[in-house]
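There are structures below to look over.
The following pair of complexes shares a single chain, chain A, combined with chain B in the former and chain C in the latter.
On to the complex of A and B.
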């Protein structure tokens, strides 16, 4: 897809406009390749199917394990999607052109990561009730579960942006990406699964949700800096 | 008055400095560890609850301390290398990472050997054990990221960034792991409150702490010399240093 001139001679646009343009481009591109959009979601469904087969089909047992299963599957699925954040743009040189466009690279990274979260993380949140039903999570717990997943996947997208920025130039980057990002993402799993667990039990889940929200604000503030620095290192 | 500080950025100076420091650090480390081991293993009385098994602390606790200290040092050196583009900073970080990872493994191994008689199991999902394990994963991430780049400069900078990001995340991981356990259920069997130690047990422990730290410093100096030599292998001073 053709870029409108972002910073070429004569025509230059502000950072906000550039970010909006990139957001629109990313969304258009992913809607044109629906298979890439669907793959992580299908992966999410398949992984959650593995657990009842491996553990037990008993619903009471599954309900007790559901928060962990749901969250581990969601983390893995988001991570799988993460690899594509900068990959195709780096392969065809778009990323270098963006970096050279004179626009703030930080703004570009923010727009790209947010667009990526919309088509991966937010989509995952929308699919999660399906999985939750299969794992016998009661209906009352759905709002908490979806909110925690939304906060968690957004945070993970930012951690993943750092990892993807660091590994974008590498040939075997995907395993390394998991090795880098998963240890950093463990607090998400702890608080997310805890909030979901309490919601299933009918308890007050606000503690875990507040922690997730705090982590989300923290990463949204600092991670763009780190992700931009990571991209600069691999692009320079 | 700051010139000594600036000289630390010069590879040949650091190479010579590390050579001068290494034997002293190693000698003092051996002395401190000899005293700590003999006093701790032979003369300190057995613990009234744990018996002789508590003596594992004389290796376990210093190793755990050094594993965290090494990560801190690696992150600070990485930050220096990243911000001021000082090559020696990256060399220090690259030299510290495998040592820190080894101490982390040592902590986990001694911890599980200690856990067997005390807790009845080699591994328990205790918060401290878990965060130590995650620390090991962080070390692995930094080391394999550095190794994954063909261009060493890029690998250095990428690993340095990851080390700094990990350093910011370490307290978050540590506390969330602690809360994770307290959220699930209170520690019952595995309660492991920090004991107030009798001085006769404490002195050897402090000596071991000092000894392990000095030993880390000595190994760091040795590895740093190797790193600097390898990184500067095209430089003239290396040729002269190797010939001499």
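On to the complex of A and C.
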């Protein structure tokens, strides 16, 4: 029997199909482990409820502190979910198989990170109105707050993908991951909290949102390259 | 598509892991219809050699070529031509055996559920198809990994201690699959500590400490 040159006999799979397959796989896996899905969300809810209890339930004070509390809690909750991005795949040998699947590792990283954002970041955005109500954020500020959180968590997922790619081979990588990602996430906190704050005050928040959007586009385009390179180093 | 004789050539490969010189100028050639049995004491770089061959690990010196071309130059096509089975069966515990196969083989080629079930049937784990692989025994997981290799349609099989956890019938099955693959013109690199009893010609490579 003759083999075709350099290839296989089957019908090859395009990058788009492969990415859709990875996305489905990741979402299926997340739904099978609802505890991992819920942990960061519950963390987010609990941390934000602690502040009114510890400070004072006075509305004016809460309203002034709310953007900061909301954003810090969102950052920490996203970070909590980040470590698992490549960890389980690296532990059971699946990551090697993905790297050898004949598909571009970049496409796989993009699909995995996006799936990860859907179950962590997007879910966080969806529960944020609950938290916002508890922090006395007015209803008019909700759209700006949710949009800024969506942009911020997506950016953070990408930063986290780089960090997770670098630390996946380490035994106690989670602390190092925080040390890598948190400094990079500071602009998000500044612009995100600022946009939310302005929206609460009834001012125009588009400046902060534009900055967040720019950061989001920046990481969406360049972070896949960095994360893929980091993973390749880890795989060696 | 031009047809070329599949051929793997590893030439004077050196790999250092930290201070240890793991592979010291290892060379090997495998052509279509040939099986190379890699042996050697623990820690002599058998797994490292397989990782170099599949391109996961870049050697400090030396080249790996497939069909006369460097594997770094033809990464995508080379990866489709090979199938690597590491120590780990690479199964997700929360996915069923069938889903595991669907997601890993689905990245390589279009494949339907009927064919996937047939693969599991051929490796003797048809009954486990819809069980989460976390409840499977180590041997059953190994058989699911075998189904993945079988379904990969790769011409180059790289198997790292494939006999681990397999029962006597499983070992016979693996022998049959290997012999069939080689008889069909395929190539195989097998790392194993025991003698291979196969109905095909076997080359040997001994790695020394």
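Simple rule for what comes next: the second predicted complex is superposed on the first by the 226 of 236 C-alpha atoms of A that agree within 3 Å, B and C clash if a C-alpha of one lies under 4 Å from a C-alpha of the other, contacts with A are read in each partner's own complex, and residues count from 1 in each chain.
One rule holds in what follows: a residue touches a chain if its C-beta (ideal position, glycine included) is under 8 Å from a C-beta of that chain, and two chains touch if they have at least 3 such contacts.
No experiment lies behind these values; they were computed from the predicted model shown.
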Practice task
Have a look at where A:25 lands relative to chain B and chain C in the superposition and call it first, second, both or neither.
Solution key: second
Exercise for the section: Give one of first, second, both or neither to describe whether A:226 is in contact with chain B, with chain C, with both, or with none. Expected result: first
Practice task
Return first, second, both or neither, reflecting whether A:100 touches chain B, chain C, both chains, or no partner chain.
Solution key: second
Practice task
Return the chain, chain B or chain C, that is in touch with more residues of chain A.
Solution key: C
Practice task
Considering only touches as defined above, state whether A:190 meets chain B (first), chain C (second), both or neither.
Solution key: first
Exercise for the section: Could you say whether A:234 touches chain B, chain C, both of them, or neither, answering first, second, both or neither? Expected result: first
Problem - chain A positions touched by chain B in one structure and by chain C in the second - result: 236
Handout entry: Complex contact set, residues of chain A against chain C
Key = 1-13, 18, 21-22, 24-25, 28-29, 32-33, 88, 92-94, 96-104, 235-236
Fill in the blank from the handout: Note: in the complex, chain A contacts chain B through residues 162, 166-167, 169-170, 172-173, 176, 179-180, 182-184, 186-187, 190-191, 194, 211, 215, 222, 226, 229-230, 233-234, 236
Problem - Touch list for chain B against partner chain A, complex - result: 82, 134, 137-138, 140-141, 144-145, 148-149, 154, 157-158, 161-162, 164-166, 168-169, 172-173, 176-177, 179-180, 183
Exercise for the section: Could you pull out which chain C residues touch chain A in their complex? Expected result: 1-4, 6, 32, 54-58, 66-67, 69, 74, 76-82, 84, 86-95, 99, 103-104, 106-111, 152-155, 184-186
